[in-house]
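I have a structure here, written as C-alpha cells, and I will follow up with some questions on it.
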C-alpha cells in the first residue's frame, strides 16, 4: 500500500449494489454494498468464489453495466459510458471469428486510426511475445484454447490502455506460458505506470502480482477483506514461492477465504 | 502404476501422428508419434505446453478426429466413430444456449431415453453438488463463467460414462469450488471403477488426482515422459501439499517440464 | 336481390332452398364457367341473377382468370364446363388440335375504342407515337393495326407499348403513351382524363369502316367439343338461360340491368352509363353470322394466329341457340 | 383477442407501431388534396374509407378476405414445414445439396404467373391450387433461411451432443432445430408476405372469390378505391401476422440474451 | 469463364450438380411420350429445344434475355444494398423498428401486380420501373434476413469492441457487418430468384421487350414451347447466379470452420 495515499485516485467505488432480473422479473442479488478505491499505478487483484460477482464488478467499473444502486467514479467523474482508456480482457472469448490472429490483434489499433505499417509492426511484436509465431494468418477456430486466450490478451494490450482490467486471463495457460505473460504484464505495468485490476482464482498469482487483494464473500458479494501485499518489487514469480513473507501472506489469505466458505457451510 | 499390469487395457494409442491443414493446404504438424496405453480404472493426467496438442489427443481418442497416421484402439477395436461410453468434458463451452441449466444437465439422459422423473431427480442432485441451487431455470447467458463450466461438467457426469475425458475442467473455478468437484470426481471414479483421462495445467491438481501423468513436449508433440504417482489413496488435496513425497514428485515433474521449455529457448 | 346475395355467400345452402321452392324435385346440376369478368358477357350474369339458370336446373359458378387463354385451358383441362372469352384464342387452339364448340355470341361487334392524349385527335396524329393496344395477336392489337392500315399506315409506323390493362389510363395521362385502346363502355373514364376518342367501333358505321362488316361476333361462350357432344341437355339448358336473359335485357331499363347485375359487379363495377354505351353492341339473339365469321378468320390468318381456314361448321354449333330461340322468343 | 394483448403491451406501444402507417395515410390524403396525386389513379384515404364501409356492409368484405386468409394460412403452414424439412435434408447431405440447391434457386426465379396454365391444369381452379401456390412461395423463403442457419451452427455444440451418443435424428431435433430457430423465424417473417402474395397470384390464375380475385376484377374496371381497399386489408393482415409472429418469437427466443444494453450503441 | 472454373471445380462436380435437372428433363419428355402429360399445355423438352434454336437464330433470344438480365442485376444490386442499409438502421433503433417493421411486413404482402397502375404512372414504361420492381422484391428478402442476423449477434464480441472505444459506426462496420454476412448471403440467395421475378413482373406491367414480355406474348398465342423456352432461360440464369453467389460465399466465409467432419452426422 506504499504508494496509495500520495497517489491519485483512479476509481472510487461506493455503495455498489447490483441485481440481475430474469425476464420473469425474479431478482438475483449479486453485489450488496461494495466500497473500494483504486489508485494510480496500483495493481489490484480481486479474489472470490465462483459466481460471486467479480466479473459483474468489472462490468460495472468499465461502464458496460449501470449499477442498481451506488456509484463508480473514474477520476472523479461518474461512469456513464465505456471509456477507451480502459482495456478489458474479458472472461469469455471475444475474438472476431472472421479475422485472422494478426487482424484480431490489430482491431483496437484500427479503431484508433493507427496506420497500417505501425499496426503490423506492433501486432507482429506482440504475437511473438505471446509465442504465437506462425499463427499470424490462422483463424480463431484453428487455435487451441490457450492460444485463443493469448490472442485475446495481446489484442487488448496492443492499444496500450492506461487502465487494464483482466478477468482470469491466465487460467487456461500452462505454467511457463503463464509466467512469460505475467512477466510481460508486470513489465508493461511498472514501466508505463498503468493501473491494473485483476481477477484470479490463483492465490499465488494474486500475491505475486498485486499490491492489494480484495477478497469477496459469497453472492450476494460484500467486500470481506483487503490484504496489502508488502513484498518487494520487482518480484520474481519463481523465487517468491520460497519467500517466508509470501508463505505467511498466502496462509493468511487462505484462512480468510476458508472461513468464508465454512461460514457458508454452517449457514446451510 | 500398481494396478496397471493386471488390469485390462482400455486405450491403446500407437504411433499417433496428426496434422491440420489450412484451406491453403499449409500443414501444421501437431502430434508426431505418440504411444501410450490407458488401463481400466486408471486416472491419467496429460500435461504440456499450451497449444501442443493435448486437446487434439482427446479428440482423436474420442473418435471426433481421425489421425493422419497411427491408431487409437478402444478395447482392441479401432476407433472409427464416437462412442457413447466416453464422456467428454470439452475445453470450450458446449452448453445449449436455449436450454435452462436443468435441461442442459438432462440432455444426455434425454438422449438415452431416461424417463422424466429420474432425469429431474438426477439433475437436481448434480446441480446441488455443483453448488448451483437456485439457478436450475437460468439460461446459460445468465451464468458466470465458472458456473457455466460447472454445468458443462455435471452435464457429462450425469450420464455416468464408463470413460471420462476432461479438458482443463476446473481452470476457471476458485480453489474451494474446485476442491469440491475434484473430490466428487474422485469419488465417482473410485466407487464405480471409471477410467479417466484428464488435461490440466495445474501440476498440483495432476499429482493429487492422477495415477500416471503424461508430459508432452512442445508442438509437434511427442510423449516426453511418464510419471507414476505412487501416493496412497484416498488422497486429501489439502493434506497432500505437505506430504514430502508429493513435494518430491512435484519438483521432479517441474524440472522435467522446465527442461523442455529451456530446450525450446535454446533452440530458438 | 337479397336472396341472390345470400346465394353467393353460401351457395350450397341456398341451392337446396331454391330446389325446394322450385318444387321440381330435380337436384341442380353444377356448372362451372371460366371467364374474364367483363360486361361483354352481361347476359350470362343476368341469367344467373335472374334465376334463369335455376329454372333450367343449373347452378352456375363463375371462375375468373387472368387471361382468356388461361380460362380456356382450364376448361380443356376439365376444371370448367364453359368458357367466356374472345374467338381468336379459340380458333388458334382449334388449329392446334384442341377442339371446341362455340355456342353463341353475346355481342355483335367489338365495343372497342382508340383514345388519344391531348393533341392526338385523328389517326394520322399517331405516326411515330407510342400506343398501347394489348399484346400482339390480341383482339385489341389487331383492332389498332386495322385502324392504322385503314389510314395508310402500317404496324411499323408506331411504337407499341405493353402494359397491364389497368395501367393504361395512367400511362396515357402521364404521357407515356399517345393513345390506348379502351372498351367503349369506359367512355366515362376516358372523359375523366380528358382523352379524345379517335375511333369507336361500337358505332356500327365506324365498325364497318374498319372491318368491312357491321358484325364481328367475337365475345363468345364456348364448350369443349367433347362436352357439348356428350351433354346436350346441360348445354341446352345453359343456352336457354342465356337466351332468356337476352330477351329480358332487350326490355329492361339500364337501371334495372345495373340493379340485377350488381351482384356480379360489386362496388361501382357497373353503371347505367356503361349499359347505355354497351347497348349498340349487344347481340339481341346470340346469333353468329357467316360474314362475321369470315371477317374473324381473315383477320386471324392475316395476323398469323391461325394457319388454316376453319370452317363455320367446324367451330360453331348454333343448333342449341336456334332451339332456345324457338322455345323462348317465339 | 388474447395475443393482441401480448403483442402490443399497451395502447402507447400500439400507437408507436402504427404511427408510420398513420403518417403514410395522412400524407396520401394530403398529397391528393393539394393535387400532387391524382385520385383517379391512387384514390385517396377518405375514398377508400367509404369504399371499405360499402365493401363491409355488402357482406362481401369478409367473404373475400376469409377465402384469401384461409389459402394464405394453409400455404404458410405447408410451405414453412416443407421449407424446414427440405433444408434439413439438403443441409445434411452434401450430394443431395449439390443436386437440388441449384435446382431450387433456379425454380425460384421462374415467374409463377407464367405457370398459370400448368397450375390450372394440374391443380384445378379450387382452393388447392391457391394453397399450393402460396406454399410454394413460402417454401423458398423458409428454405433459404433455414439452409443458411444449418451452415452457421456452432460445431462444438454438435460435437458435444454427438459424443453423448445422440443419433443423427436426435442431433437434428435437439441441436439443429433449436439453433436454427432464429433463422427459421427470419424466413417465416418473409414468408408471411409471401403466403399472401401466393394466395393472390393463385387467385389471379383463376378463382371465384378472394381478395386477389377482387383486385383483378376491380383493376379491369378502373375501381381504384376497391383495389386500394383490398390492398389495405392485405396490409392489415400482414401487420397482424407480423404481430402474432413477434409473440411466437418472444416465446421461442426467450433464451437469448436481451439485445439492448444499458447504453445505446 | 473464370468463375465457372472456381465454382464447378471439375466436370464431375458439374455433372452431379446438373443431374437433378437432367433427370427432370428426361422424365418430362418421357411423361409426354407415354401420354401422361399433354404437350399442348406442358410442351416437351425436344419441342423446347427446337424452339430455343429458333429463338436463338432469330436473334431474339439474346435481345430479350439481356433486357431482363440487366433489369434483374440492377434490381439485385439496389435491392440488396437497400435491404442491408434499412436492416441496419432499424436494427439499431428500437423505435424506428417499432414503426417500420410492421409497415415493411405489411407492404411485402401486397401483390405487386396490383400496383401496376401506380407503378406505370410514377415510373413510366422504361427500364426504371422494372429495376425498381426487381429491387423492391429483393429488398424485402435481404431486409428480413439481415435484420434477423442483427438480432442474433454475439453480444460479448460487440462489448469487447465497444470497450476498445469504437464509434457506433465502427462497431457496425467491424462487427455487425461481417457477423451478419452469413445472414445477408442467405437473403441474397433468395434475392436472386426474386430479382428475376421482379423484372418479369415489371415487364408484365408494361414493357416492349424482355423475357416477361415474351412469356405473356407467347401465352396469349398458346405458344407453350416459347413459354417453356423463356422459363428454361430464367432457370439457367438462376442456376448461374447461384453458382456465382457460391463463389462469393466461399471467399466471404472462408473464416468459418468447415461444415463437414470426418464422420457423417
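We call the chains A, B, C, D and E, going by the order they appear; numbering starts again at 1 in every chain.
Everything that follows uses one rule, which is that a contact is a pair of C-beta atoms (placed from the backbone, for glycine too) under 8 Å apart; a residue touches a chain by one contact, two chains touch by 3 or more.
The structure displayed is predicted, hence computed values, not measured ones.
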Fill in: Touch-network distance, subunit C to subunit E, counted in steps
1
Worksheet item: What is the shortest path, in steps, from subunit A to subunit C when you may only step between chains that touch?
Response: 2
Practice prompt. Just grab the chain with the largest centre-to-centre distance to subunit B, centres being mean Cα coordinates.
Written response: C
Practice prompt. Just list the two chains that share the greatest number of C-beta contact pairs.
Written response: D-E
Worksheet item: If you average the CA atoms of subunit A and of subunit E, how far apart do the two points sit, in angstrom?
Response: 49
Fill in: Distance from the mean Cα position of subunit D to that of subunit C, given in whole angstrom
36
Practice prompt. Would you give the residues of subunit B that are in contact with at least 2 other chains, written as numbers and ranges?
Written response: 64, 82, 92
Worksheet item: Hey, what residues on subunit C touch two or more of the other chains?
Response: 67, 69-70, 73, 77, 164, 166, 169-170, 173
Worksheet entry | Multi-chain contact sites of subunit D, meaning residues that touch two or more partners | 41, 113, 116-117, 121, 159, 162, 204, 216, 219, 256-257, 261
Response to the item:
Interface with subunit A, subunit B side, in the complex: residues 20, 22, 28, 47-51, 53-55, 91-92, 137-138, 142-147, 150, 167-168, 171-178, 201, 203, 257-258, 261
Worksheet, complete the sentence: Within the complex, subunit C is touched by subunit E residues 40-41, 113, 116-121, 124-125, 203-208, 213, 216-217, 219-222
Discussion item. Per the contact definition, I'd like the list of subunit D residues that touch subunit B in the complex.
Written reply: 156-157, 159-167, 170, 174-175, 178-179, 181, 255-257
Worksheet, complete the sentence: Touching subunit E in the complex, subunit D uses residues 13, 16-21, 24, 41-42, 92, 94-95, 98-103, 105-118, 121, 140-141, 144-145, 147-149, 151-152, 155, 158-159, 162, 168, 171, 182-183, 185-187, 189-190, 192-197, 200-201, 204, 212, 215-216, 219, 224, 227, 230-231, 234-239, 241-243, 256-257, 259-261, 264-265
Worksheet item: In the complex formed with subunit E, which residues of subunit C make contact?
Response: 67-70, 73, 76-77, 89, 92-93, 96-98, 135-138, 159-164, 166-167, 169-171, 173-174, 176-177, 305
